[in-house]
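What follows is a group of structures, each given as structure tokens.
The same chain A turns up in both complexes below, where it pairs with chain B and then with chain C.
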Partner chain A sequence: MDKLYVLCVDDQPEVLNALENDLSDFENYLLIEVCDSGNEVLELMEQIDTEGDYTAIVIADQVMPGMTGVEVLTRIENDPRFSAVRKILLTGLATHQDTIQAINSAGLDHYIQKPWTREILNKTISKCLTEFVLDKGIEYEDLLPVLDQPVLYEALRKKG
Partner chain B sequence: MNIFHHKVNQQEFVSRYFSDKDKCIRLKKGDILLNQHEYNRRIFYIKQGEVIGYLPDTRYPEPIFKGAPGSFVGVYSYFSEDHLSYSEVVAQTPSVVHYFDEDPNALERPEADEFMGFLLNMVVTELSARQHFAARMAQERQKAMNKLIQSEKLATLGQLSAGLAHELNNSIGSLSANLRRLQEDIDVLLIRQKSDQVREFYRRGLEDGLQLSSREARKARDEWSANMELSHSTIRKLTKAGIRAGEVRSAREAEEAANLWNLGYVMHDMRIAAGQAAHVINSIKTMGISNQKWSAGVNVNTTVLEAVAILKSMSGEISLDLQLQENITAIEACHGELVQVWVNLIKNAIESLVQNLEKNRKIKITTREVDKQISVSVEDNGPGIAPDIIDKIYEPSFTTKVGGISLGLGLGLTIVKRIVSEHDGEMRVTSRPGRTRFTVSLPLKQ
Partner chain C sequence: MKQIKLIICILVPLILLVLPASAYSLPGLTIIEQRVIAIFVFAALSWILEPIPIYATSLAIILLELILLSDKALVFLRSDSEMYGSQIAYENILHTFASPIIILFLGGFFLAMAATKYRLDVNLARVLLSPFGSNPRYVMLGVMIITAVFSMFMSNTATTAMMLSILTPVLAMMKEEDKGRIGLLLSVPVAANIGGIGTPIGTPPNAVALKYLTGDHYISFGKWMSFAVPYVVVLMGIAWLILIYSFPSGQRKLKLEVKGHFMRNRRAYVVYATFILTILLWLTDFLHGMNSYVVAMIPVTVFSVSGIITKADLRSISWDVLWLVSGGIALGLALDETGLANRLISRIDFDLMSPLVIIGAASVTAALMANFMSNTATANLLLPLMAVVGTTAGSLAGLGGSTMIILVTAIACSMGMSLPISTPPNALAFGTGMITTKQMAKPGVITAVIGLALSYVLIGILYLTGFFT
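Entry: the complex of A and B
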């Protein structure tokens, strides 16, 4: 099976570490990678793509030196190869303007506020992951334990 | 009609009508020349000293005009129909006043014409002087009002933040204390019985924290995946910790090392986070009412040196050029608060240099005593402040710092400004790429 990645980008290592720990429920199903800058996450996505694997979800912090979260997500949004990638903004400090831009230009799928709870994070990842595999038509049997059942059910019902 | 037809200079006029020794009043400071609503048929000429006119029946008596040597007082009541003075005129300093109390209609022509002509001239001059005085007073009032509004705002912000700081302090205090407790328990229950080698991995996480960046850690993974059958997440932890493949003998040991390192690292991060929170709270508290002592005899150079010492660990490779004037006069000030001003300014300079990775990074700190003022300037060769934000730098919560590099809520310059104005000082900033200079001028009080 092709590998599925969840990428987290934040300039603060303690935030990345907390994210990694909180995402450990997915460890047996997905590969979780952390990056400390926007450039790094874009490079890593390139690499994953070259190896024939998938970036399923990118979780980005908004306030970072260099590229902001919205800038990173906009770059991803504008790359046709990554059109199915689910984009999550994770931030404690986004202005109204940032938020508008995130929705309009970066095609944001979800917004999580810092501090987050493990429960909400996991639910969001489940939902985004389910949408991604359905979008891409990836085999999801092995992933069933971590998929969002209502989203899956709804998709199957529509398909008939 | 030429009302100034009769050209007489003031000196001549004064010596003619305002030099009668019998019509001379000597006033001590505080003596009243005219009471409000007093019947008056005299024009007073101020020869020496200074008198001030008030409206004493208003709630906050303010001067409405000032009579300096050469000016005339009592003009309104002399000419008005009821001859009642509208103000109270009080000597501000010991004064000598001559007066004229004749009926101008009793004078013979052409002397009467000449007298009236000059009086008219005088009235116009007085009128314009009083108008200017009133305008100046209004201006000063506006200035005082603005200052008041500003300090009111800061005071409100201060009270708000003091409350906030208090609340947060309790929570952070409890988190920190429990964290210490937890750390001790973990040590006793989990770590002590482990081998020295495994304990060392826990200690590394706890004390040293993260060793490799996310990019470096990914590169280091190959070493592991080639050697042992380990899960992706274990390898991730091992590489983050900077643990080398040669340091463990088996997959089981590697797993334990990774998990214990991570446990230590989690504790490490929590300790750092609690420290940062405490730091933020501290800077909020400083926004509130200052509680530090003022004293005469504060040496500005000493306060600068203390600030430099505080920031020693931060300044790193940046060269600090101190140009402190010798034998600087001691001033009346709040020592601790001045140190805080310099700490904030120097810290800003350091941050502007660090973030932008300039080469030959330099900060020059100068103290100088000129014209009864001590000026202290902090200059850096960083990229400068953009013109569109330079007006906003003193506003609370304005910050250009990003990420986790610095916490402090952007209150730094607001605090600086408050302290400087409490010392009756002034602040200036000039900035262009390669040179940003903050200058604080503090007056030497007599």
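Entry: the complex of A and C
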């Protein structure tokens, strides 16, 4: 089966640790990788793409040294290879201007406020993952336990 | 693991190909017939072990038949020897992709796609659910009836997805320890699996069965429904009782809310009218002379002409389901046209076996296989064999012959519903994480056993009423 990745990017190791921990429900179905900078996550995406696997979701913090979260997500948005990748901004420190830019230029799929709860994070990941899988036409059967049911139901219903 | 399975699927048929013909105790076996045996074994192994997607197995069957059996076979595999046997015209093999049965199914797909696109399914569900009130038992009955009716015309998977999305908010509100929640959730896949039996297009095994019900054995759409719908009604009533007694609800009241309203615009009216017209025409072939295959082209054409089904919609058609059935038809064709079927018929003496043993063995095998593999693949493998048994066993002739054994086996293919892997509706219900395998298996097994027993009663009644003569 094709491998599906969720990439988390944040400059604070403790945030990345907490994210990895909170995403443990997905461990058997997805590969969760953490990066500490925008450049690193973009490089990792290239590598995953070269190997023929998928980056399904990128979760980015806004305030980081070097590239900001919105800048990273905008680059992903503008790369046709990654048009289906679901983009999540996870931040407590985004300005009004950042948010506008995130929606208009980075094609943001979801905004999660810090501090987050495990429940909301899991729900968001599951919904984004389902949309990605349906967009890409990846076989959904093996992923059923971690998919968002209503989103999947609607897609299957439409097939008649 | 997958590699090992794939190797088995290739190696075993290869051995069967290179064995001397004398190794098979079938006197006069031709080279081509021996190849058919190898292809059949390849199909069986790869549908059971599933090293490749099941529709891919179908495509492989068709390619292998073209290369090994057809009149345009690979040149150095052909021979002038007497023992070469009769080849199949390559056109006949390729025609399986557009067999009337495939067109009938395509017609069903168009109806279902148009209905979901114009939300006819959800709106009908809303209207039909309201008379069932708020008593959890009757709400469940309503859910089951609607699921079953829809799955006769839509795929069992799409019907289950639609009904589960209606149930999701209610299931979320019900308490986790309330057994009624499990029952309500299970009622959907159970009803979808049973409901599929109701029409020739309800589920692919029925379509495969139609392939063997031609000529003197021809069964029209209406004739199929005349016995299958009563069967579905009775079995579903029993399944409902099993579910309400196994999983009594602690809830006093249950209210399903479906939002929406019927769409009122020109295209929506075209969808409603075509839907009704197609079903009426399917049921009244004796009046207008167009059989169900011809009628199936009406929704396909009307929805394309009116722009209701667009080019983008065309791309989302489940070609995998159609090709899976094509492979089954091609397998039956090879058995028949190479003469292998006749050789088996003349060679194997089923007369010694009691007809009841044959019926029981066929249906129990089908139901068991369908629990562990695709229902359609089960039908693809067993129905051509049953067609042979039906014509050979003289003892069956008095009881309805091949028509009877084909029907019993096709119904049994829909009885595979006890495990999450048995059918896509089961997988969807299990995917909610609210039920365990055991909770799914118990009502599944009981319903299947009763379903098999009922199918024997059904053919008994059909026999007594002269249906088979």
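Operating definition for what follows: the second predicted complex is superposed on the first by the 160 of 160 C-alpha atoms of A that agree within 3 Å, B and C clash if a C-alpha of one lies under 4 Å from a C-alpha of the other, contacts with A are read in each partner's own complex, and residues count from 1 in each chain.
We take it that a residue touches a chain if its C-beta (ideal position, glycine included) is under 8 Å from a C-beta of that chain, and two chains touch if they have at least 3 such contacts.
Computed from a prediction, not measured in an experiment: that's the story for all the values here.
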Using the superposition on chain A described above, determine whether A:L7 touches chain B (first), chain C (second), both, or neither.
-> neither
More chain A residues in contact - chain B or chain C | B
Of the partners chain B and chain C, which touch A:K158 in the superposed model: first, second, both, neither?
-> second
Could you tell me if A:I76 is touching chain B, chain C, both of them or neither one (first, second, both, neither)?
-> neither
Please indicate which partner A:L108 is in contact with in the superposed arrangement: first for chain B, second for chain C, both, or neither.
-> neither
For A:L90, select first, second, both or neither according to whether it touches chain B, chain C, the two together, or no partner.
-> neither
If you stack the two complexes on chain A, which partner ends up touching A:L147: first (chain B), second (chain C), both, or neither?
-> second
Can you list the residues of chain A that meet both chain B and chain C?
-> none
Spell out the part of chain B that touches chain A in their complex, as residue ranges.
-> 209-210, 213-215, 218, 231-233, 236, 262, 265-266, 269, 272-273, 355, 402-405
What part of chain A is in contact with chain B in the complex they form?
-> 11-14, 16-18, 20-21, 24, 27, 31-36, 40, 44, 63-65
Of chain C, residues touching chain A in the complex = 109, 111-117, 121, 154-155, 157-158, 160-162, 164-165, 168, 316, 318, 427-428, 430-433
Residue positions on chain A within touch of chain C in the complex are 141, 144-145, 147, 149-150, 152-160
